Amino acid sequence: MSSTAGAPTGGDVLKAPNVIEYPFSRTTGPVIGAFMTGMREGIIVGIKGADGRVIVPPQEYDPVTAEELTEIVEVGDAGVVTTWCWVNEPLTDQPLDRPFAWAMIRLDGADTDLVHAVDTDGDQAVMATGMRVKARWLPARPADVDTEADGGTSAGSDDSGYRVGHILDIACFEPEGVPE
Amino acid sequence: MRDVAVVSFAQTHHAREVSDINEVEMLMPLMGEALAGSGIPKDRIDFVCSASSDYLAGQPFSFVMSLDAFGPWPPISESHVDMDGAWALYEAWVKMQMGKTDVALIYAYGKSSPGDIRRVLSRQMDPYTVGPLWLDPVSMAALQARVGLEAGTFTVEQMAEVVARNRRAGATNPYAQLGGEVDPAALLAEPEFVAPLRKHDCPPITDGAAVVVIAAGDAARELSDRPAWIRGIDHRIEAHALGLRDLTRSVSTEQAAARAGVADGPVDLAELHAPFSHQELIIGDALGLADGVDVNPSGGPLCANPIMTAGLIRIGEAATRISRGGGDRAVAHATSGPCLQQNLVCVLEGE
Amino acid sequence: MGKERVAIVGIGQTKHQSTNDGSIAGVVRTAARRALGDAGMTWSDIDAVVIGKAPDFFEGVMMPELYLADALGAVGKPMFRVHTAGSVGGSTAIVASDLIASGIHERVLTVAFEKQSESEAMWALSVSMPFQPPMHAGAGGYFAPHIRSYMARSGAPDHIGILVALKDRLNALKNPYAHLHEEGITFDSVKDSMMLWDPIRYSETCPSSDGACAMVLTNEAGGDAAAAAGRAPAWVKGTALRSEPTMFAGRDQVNPQGGQDCAADVFAQAGITDPLREIDVVEMYVPFSWFEPMWLENLGFAPIGEGWRYVEDGVTQMTGELPVNCSGGVLSSNPIGASGMLRFAEAAMQVRGQAGEHQIDGARTALGHAYGGGSQFFAMWVVGADKP
Amino acid sequence: MSDVTLPASLQGVEPVKSIRTPARLDYVYTAGRASSRFLHNVANKRLVGQRCPVCHKVYVPPRGSCPTDGVPTEEDVELAHTGTVTSFCVVNVAFMGTLMEIPYVGALILLDGSDIPIMHLIQEVPYDQVHSGMRVEAVWVPDDEIGPTLESIRHFRPNGEPDASFESYKDNA
């Protein structure tokens, strides 16, 4: 745990830094778990909605009928930008620390949009609705690297630089056609 | 439904940062203004409902001590919502419909200055696939704005007009944080902030609070010379994920407006809790407001946006104008969540 | 009450446990789906959803009703979020009841939850704020002096707290949803458990749980339809809320005025003049064992100073005159935001005759009680098998 | 919970069952005017409460308002550094963030001249000798460590006076 009350600063009215910090550990259930498993495997999955459309990221419950959804399907890791915005000054903890775009991305085979960051080397002019982007994955964790640190199945953005089963296993998206 | 009216309203002079006083110190003068200032004895209050968020204060159970501002002794019937104060008013209105509660006090407060409000509000998102990205509300609004612009739902010129009109109105509101005469063309010459949004398309960061007193039937007539009667009030929510919604519309506002009876008569004025300029255009469409409706005569959230409070202020502002004879029929609107996920619509009328 | 009578026609809860391996939505959904199933309804039958939970910091999701709208079938409907500290589960149920009693809606789903395993209760409950007087001892350290004051005032002997804990934990063995199932528990094992905040022992404190509770409330027509279909409803006979300041000069934290007033109000609405005789079973919010005798007095079941004697005489046992916490209570399951609603729901289960092994035969009238904060927020309802 | 059907690519692989999503938010907390005034006085080794103009009760630490009357409190009242234990608890749990050796005693202490007890530590007496009615005095940290915090009082200890009568603190027992 950590909530730290720092030293007060001067003035008639006392003020002090107050940090609320916790490494939340979240059990996922089967649907979110399948999406996270896919992340670790370098695969993006969605789920079939009640009306047959493929929802990405997968929703546990249908947004119209509220029924349980169960049919996980694989979609592509590239797709089309349906809208975007440009962030000149990224906030702390956002996926990139230089200017980037947020985009809603209609992945190949999906019927709804995933939100993620798009890296264009800081060049806003590259961005356009309708452009194709593809996921930039972190590398898979090599077999000889210890995976037990989090109890094996407890993944997280563990700063290892490898895929662990987390939305940030996709570091960001990038324009399709950028050489590796 | 039982006739219930807004009979008193008080709000802070909204500011970017009110850091020398705590929440109780901010609220207590407002309670006095809303009660004593309007000649309402404290012991007439049958029910108190408040609204705030621990995530703004950075403190669990932050609402607990704020009740001291009212002085709840002897013990009172009281509740709290982690929603905008407009929903606290809704809970009080529901209590009144049951018949025994005649006068209720609603308060809401939000100080955005203690934390980084964009990062704080990013904690509202689905904690698995979006929360870890720290996607913030300005960026989400910008994604929404581009959808509307490219679909032709609205234009940047219209967005600039919205800003200019609200700022002009804000100049006439002594409680507003921003206000003044601005030229829409000059606004469009400003650099983009989170493109396609410019800074002026976004609400200011605000610390503030508000208190509203509502009363039923004869009590309302006794406590106010011209009560602003709540003729309809309803709220609706939409799917959470942005990818599951048509961001160019506000379906939940349309649903709430139909239930609240917005279209049952001509609307003189509207107070819309649309934090971003393009959202005022979306909400205006969803409410079916005709040309000529006076939208946001207070300057709206583009001139002061205390989180958890700005929706309640819309009801208070609309009611005050009715009570002062500034109109006969008003619509007040409140929103919650990313890109207008949840919306409340309230129709107010004079006698 | 209001224009419409209110019936509880569906109740559901999760198995409460230290870690539920579902998502947050999954936990909430499980209770809601069970309540709908119990009511014989589907998602589309519901007009509005009212949800409650304690601080958002527990799960680290601000205003989680937004994220949970889809899971609770609330899309296109009103969704309302309540937070009144530990009493929240109770006050949430009361908002749902008001929505029916006022005639605004016909069928309301209400849910309360906490998924404490996402973080840690000790952290979220005791975030130390700058300039606040140091909290030297956590929640138990806050309440222990009040318990000691009660013992001093009433002359209650030390073993009363042990008796309450033993009773509730044994009752929990009859409740398949209870978090703690301590098969071998004895008076001595409670007595020998670690003294944490003297006079509070480890086995006299509540656990930290993941869990949810849900109810479907309807108007009179809905209650009549349920009865006709052979699913007895519980009828709401009274609801009340009271709050008082957290700290004030001369505040009686052993027997708070807010609790007394709240009980008097809810009993008056239900036409109850002699609660000990007229109430058949009580689900009382008892997070530390000593609160049972304290609340017996506060609620008017026992004369001042005599509550502990009722405990000692077995009055609150399942075989006693006033069974208290047949479900095992908060001492056996504590998903904080849901704990108050569980008290309300268990009371309704008793008058519906659906409490299974922990059913009190012939229970017709029951009290559900919740409190929160430093004993300054109260929520209560009286439910009955008979239409009011 | 319903079972899901997985695409071929995810069949037979170890499922992810939980994720970690660390979150840190930085705030600046303000004590407000009344608390700041109180704490500045503490930094000068003074305990100054405030009296409510309506009910005349003296609050410490003052919060700037009377919680029962909902009015501002403005009259300062200098308080003694002695008081009476109204109730207490012996803590045997190593509570996070404290460096105290267990067991230790947390007590409600009614400072002379005030009408509401504060919570603080009792030391310099065996824990099993602490009792309600015990008269205690503040032990301050060394002058060079005193600051605007109640932790400038290191603890309270018995001051040797005979026990206070129950009558003297019954409103806060």
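To keep things simple, chains are lettered A, B, C and D as they appear, and every chain counts its residues starting from 1.
FYI, a residue touches a chain if its C-beta (ideal position, glycine included) is under 8 Å from a C-beta of that chain, and two chains touch if they have at least 3 such contacts.
This one's a predicted model, so the numbers in the text were calculated from it and none came from an experiment.
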Of A-B and B-C, pair with higher C-beta contact tally: B-C
Farthest chain (mean CA position) relative to chain C: A
Distance between chain centroids, defined by C-alpha means - chain A, chain B (Å): 31
Chain B and chain D: spacing of chain centres that average the CA atoms, whole Å: 36
CA centroid of chain C to CA centroid of chain D, Å: 28
Interface hub residues of chain A, defined as touching at least two other chains: 1, 5, 8, 12-18, 20, 22, 24-29, 31-32, 36, 59, 63, 93, 157, 166
Numbers and ranges of chain C residues touching at least 2 other chains: 21-24, 26, 57, 59-60, 70, 75, 122-123, 127-131, 245-246, 248
Contacts with two or more other chains, residues of chain B listed in rising order: 19-21, 55, 58-59, 65, 68, 71-73, 114, 116, 119-120, 123, 127-128, 131-132, 239, 241, 244
Residue ranges of chain B in contact with chain C within the complex: 1, 48, 53-55, 59-61, 63-65, 67-68, 71-83, 87, 90-91, 94-95, 97-99, 120-121, 123-128, 131, 234-241, 244, 251-252, 255, 336-338, 341-342
Chain D partner contacts - residues on chain C that touch it in the complex: 21-22, 26, 30, 60, 122-123, 126, 128-131, 133-138, 140-142, 144-146, 148-149, 152-153, 194-200, 245-251
Residues of chain D touching chain A in the complex: 1-7, 9-10, 13-33, 35-36, 39-40, 96, 147-149
Residue ranges of chain B touching chain A (in the complex, touch as defined): 19-21, 58-59, 114, 116, 118-119, 122, 127-130, 132-136, 139, 142-147, 150, 192-197, 239, 241-244, 247
Residue numbers on chain C that touch chain A, as the complex places them: 19-26, 29, 43-44, 57, 59-60, 70-73, 75, 117-120, 122-123, 127-131
